[in-house]
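Next up: the structures, one after another.
Next come two complexes, and both contain chain A; in the first it sits with chain B, in the second with chain C.
So, the complex of A and B:
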C-alpha cells in the first residue's frame, strides 16, 4: 500500500461524505436562507433508525436503510411544519430560526441518547470481513465504494430535480425571491416542506453510510454538519455544485494536511481552511 | 360591474397614514389609472392589493362577494390578481424561459416533477415571450438582460398567469419608445379580452391615451375620480398633482 494513492482515496471518501451533507444543507439553505443546525442530527436519526430496524428488530437491511432515510426526511419535514413554518409566518428573523434549529438539534440528540445511550455503536454486519478493493495502489472497502457511488448518484439526481423539472424551477424561484414566488402563485410553504423532506432524507442517508463505514453516536450529526457547512462556505453557500466542490477540496486538504502529522489535527486544518475562506473569499469559490 | 373594491382601506407607517380610509371601485374590463404626486400612496395601494403589505384597516372586496381584511401573497393569484413591480423583481438566476415556465407550473408536486403538460406550458411561454420580443433571449439568465428587457419579461410573466386583474406599477418608466409601444399594445389587448388593468403611471399623456377612468390620490386619500379628461381639468387636481 502506497501512501499517496491511499491519501487520495481517503480524500475522495471523506469528500463524498461531506458532499452528501453539503448537498442536503445547501438544498435547504437555498430555499429558506437560514442556517438549519438541526440538519446534522438527521444523520444520527438515519443511522440509529437502521440500527433499530436492522439490528434490534432484525428487519432486512435494505428495507431498514429505506426506512431510515424516510424517517430522517419525515422528521425534517416535521421540524419545518411545526417549528420553522409557524416562525416564518410570524416573519421571524433568520437568527430566531437558527436558535430554534439549535434547540431542535439539542432536543433530538438528547432523545436519541435516552433511547439508545450515548455509547458508540456499529451497524455494519460484516466488520472485518468486508470486501476490499485495490484502486490505483490504494485500498478501499466495499462500504466506502458505495459511499462514493451514492454521492455521485445523489448529485446527478439533485441537479436533474433542480434544473430539469418544474418542481426544481419552483425551488429556484423561491431561492431567488420568495415573496414574488408567492405572488406568481407558487405555494412556497408546501414546496419548502418538500425541500426539508428531501434535504433531511439526504442527511439521513449520509448518517447511514457513515454508520456502515465507522459507526454511530448521538452527537455524530454536529461533526458532520460542521464539515458540511465548511464545505458549503468554501464552495459557495446555497450553490449545489459549490458545496460538492468545497466538500472534495476539504477532504483533500484534511487528508493531505495530516500526511506528516497526527490525525488529530484534521479538525484544526478544516477550520483553518474555513477561516482562510471567510477572510479572503467569504462568498466561496462558486458564488459571484 | 365592480371587480375590485376597497372600503376604508388603511395603512400606516410609523403612525403616518400612507393610505387613509381609501374607498375606490374598479370596473371590470377597463383600464384604470392611479395617479398622484410622489408619496401619495399609489405603490402602497398596489402593495396592499397584492398582499405584499398587510392591511391595517378596512377591506378589499373582489367580484362584489369575497371580502378580505388580509390579503396573503400566495393567495393573490388565486383571487385572479397579478402584478409588476416599480423596481423589477425577476427570478434573477433563472433563464428568461424558466422565469415564465415557473409561473405556469403544475400546482401539485408530482405533476411538477414529471412535467405532465410540458408542451402546453412551453406553448404559453413561447406565446408571451414572442409578444414582448424576448423569445430569442429565452436561454439567457434574467440577471443579464437590459433594464427595458427586464421590465418586458416581468410583464410577460404576468401575461403567462392569465389572471383577471393586472396591477402594473409604472410599466413605462425608463423604456425606449419601441418598448413603450409594446407595453401600450399589451395593455390595450388585455382590455379587448375584457381583462381589468390597474395602471400606476406618471405620464399624463399615456394616462389620457389609455385609461377609461382614473383615481387621483394625494397623501393617501382619494382626491378625485372619473374620466381622465374631466378629472385632469379639475382645479384641485391641478394644484395637488401639477403643483400649479
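So, the complex of A and C:
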C-alpha cells in the first residue's frame, strides 16, 4: 500500500499530459467536428522548435518555449488555411478531412525527421539532476510539477475564453450549428482559423513539456494523440471538461492497472477502457 | 501531327524506356565471377543510427585493411532502423536487386527475420545477435558473445560483489528475452534472487509506475535490459524517483549514446576489441568503437577467410562458403581467437566494463 501515493502522483502526471492534448483536440473538434490527426504532430513541432531555438541557436529557454508554442499554433493555423478550409468550402466530408489530416501528419513527421534525424533527443538541461519534491508521500520532479500547474492554468484559461469572451461565444455558436452561426453574422472561417491556432499551440506546449520530462522524437505526436483521443472519447468528444476528466481517468486506470500486473499491459488496459466506453457509453462521461 | 501519329510516338517512347530500363537493370545486377557482394542490414537512421554507422565504419575499415585477395569484396549497406518490418524489404532488395553472396544483420529481431530468408535463398547470413535462434539452419551464423557466456560472467560478478537481491527492468524484446531466459536459469543455481522483474513494451517512455513497484523490493542492484531511448529514459526516471541503488546492464549501457547517464556503474558486455582495432577505429571515426563494430570487422574477415579458402576457377557457392565457415578454428580476430561451434555461433568471451569519465572501459578484476 505504500506505493499508492506515488501511483496517485504518477496518474496525475500522466493525466495532465493527456489532458493538455485532449484540451486542444476537443477545442478543435468542437468547432470543426472532425478528428484532426495532425493535432499530434503539433506536439513534435513544439518540442523540436524549443530544441532548435534553445539548444542549437542558444536562445533564452523561456523565449524558445514561447516561440515553440507560437510556431505550433502557426503551423496548425496554416494547415487550416491551406488544406482544411479549401476542403470545407468544397463541402468535403469529415472522412476526407480526416484523411487529409493523416496526410498532413505523415508529411510533417517526415519533415521533422529529415531536419533533425529520427534520433531521440532530450531538451532538458538538467538530466537526472532535477529538483525533487516530496508530495503526500510520493516524489515528483520540478518539470512534472510544472506540467500539472500548466494543465490547471490552461484549463482555467480555456474555460474563461470559451465562457467569458465574445470569441468564446462565437466558438460555442459554431460548435452548436455552423450554418446558424454564419446566418447571425459570425465569420466562421476566421474563428475556426483561430481555434486551430489555439488548439495547435496547446499541443505544441504539451510536446514541449513532454520534451522536458522525457525527450522528443519525430513520431512522439502519434502516441500522445492516441492517448488524447482515448481521453476525449471517454470524457466526451468535443467537451472541454470531458476531455480533462477522461484524461485523468485514463491516467489513473493505466497506472493503477499495472499495480499488480506487468507493465507491458499498460497500453492494453488503455485501449480496453476505450472499447468499454465505445460499447457502453459511446458519447463519453460528460456528453448527454 | 495527327492524333494517331502522337499515339504511335508515345507508345514507341514507352517501349524504348522499358527496354532501356530492362537492359540497364540486367547490366547492374550481372554478377561478376570475381566479386563477392556482402549486404549489410543495420540501423542507419533512427534512434540507433549511431550503432549502424559504427558497423558500417568497421566493415569499411576491414575492407580497407584487406591485403591481396583472390576475389574482390563489395559492401552494400541497407538501412532497417532496427525495425523487423523494414528488415524484410531491405534483405529482399539485397537479394533481388544486388544479388549479394552474404548478408550481415544487426540485432536479434532483424536477425530472426533474415535467417529464414537466407535459408530459403541459400545465402550465407552472419548475425550480430544474442538470440541463438538466429543461427538456426545451414546458412546462418552468429558472431556475438552468447547470452550463456555473458550471464556466466554477470552472475560471477554479482557473487564476487556479494549481491543477493537483483531487480530487473526488461524490455519486451527478443534479444533481452533470450538473455533473461538464460539468466533466470543460471540464477536458480545460486543464492541470488530476482526480487522484482518489471517488463515493459518497446517504445514506452513512462516508467514511473513500474519504478514505484520496484522501489521497495529491496533490490541491491537494478539490471536494465533495454534499447535506446528506453534505457536512457528509464535510467533518468529511476534517478528522478529518488532511487540511489546502483544500476547495471548486460550490453544495454552501450546501446545508448548518453552513456554518461550511467557514470560509475559496472556492467557486462560482449567481448572487448583489441587495442589495435580501437586505435584504428578511433583514427577513422574520432569515436570509440560502438557496440557490434568489432564483430562487424571480424565478420567481414571471416567471410573473406571462408571465401579465400576455396581455390577454384569460379567464385565459391554460398554452400561452400557456409561449409568453410563451420570449419574455422582459432581465427585471429579483433575480439580474440575465434572458433565457430557446432551451432554456427562464433564463440567469444564476455567482458566486465564500467562507464568512466563518460566512456566505457574494461575493468580488471
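Here is the rule we go by: the second predicted complex is superposed on the first by the 286 of 288 C-alpha atoms of A that agree within 3 Å, B and C clash if a C-alpha of one lies under 4 Å from a C-alpha of the other, contacts with A are read in each partner's own complex, and residues count from 1 in each chain.
We adopt the following convention: a residue touches a chain if its C-beta (ideal position, glycine included) is under 8 Å from a C-beta of that chain, and two chains touch if they have at least 3 such contacts.
Not measured: the values here are computed from a predicted model.
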Quick check on the chain A-based superposition: chain B and chain C, clash or fit?
fit
A:179 contacts which: chain B (first), chain C (second), both, neither?
first
For A:33, select first, second, both or neither according to whether it touches chain B, chain C, the two together, or no partner.
neither
With the two structures laid over each other on chain A, which partner does A:55 touch: chain B (first), chain C (second), both, or neither?
neither
After lining up the shared chain so the two structures overlap, which partner does A:7 touch, if you call chain B first and chain C second: first, second, both or neither?
second
Partner, of chain C and chain B, that touches more residues belonging to chain A
C
Under the superposition described above, what is the C-alpha centre angle at chain A formed with chain B and chain C, rounded in steps of 10 degrees?
140
With the two complexes superposed on chain A, say which partner A:223 touches: chain B (first), chain C (second), both, or neither.
second
In the superposed model, how near does chain B get to chain C, counting Cα atoms only, in Å?
37
Residues of chain C that touch chain A when the two form their complex:
45-47, 49-50, 81, 172, 198-201, 203-210, 212-213, 215-216, 228-229, 232-233, 235-237, 239-242, 257-258, 261
Note which residues of chain A are touching chain B in the complex, please.
161, 165-167, 169-170, 172-173, 175-177, 179-191, 194
In the complex, chain A touches chain C at residues 2-3, 6-7, 10, 13-14, 113, 117-120, 122, 127-128, 130, 132, 139, 141, 214-215, 217, 223, 254-255, 258-259, 262-264, 266-267
Which residues of chain B touch chain A once you look at their complex with the stated criterion?
50-52, 72-74, 76-78, 82-83, 85, 89-94, 98, 101-103, 105-107, 109, 111-115, 118, 121, 157, 161
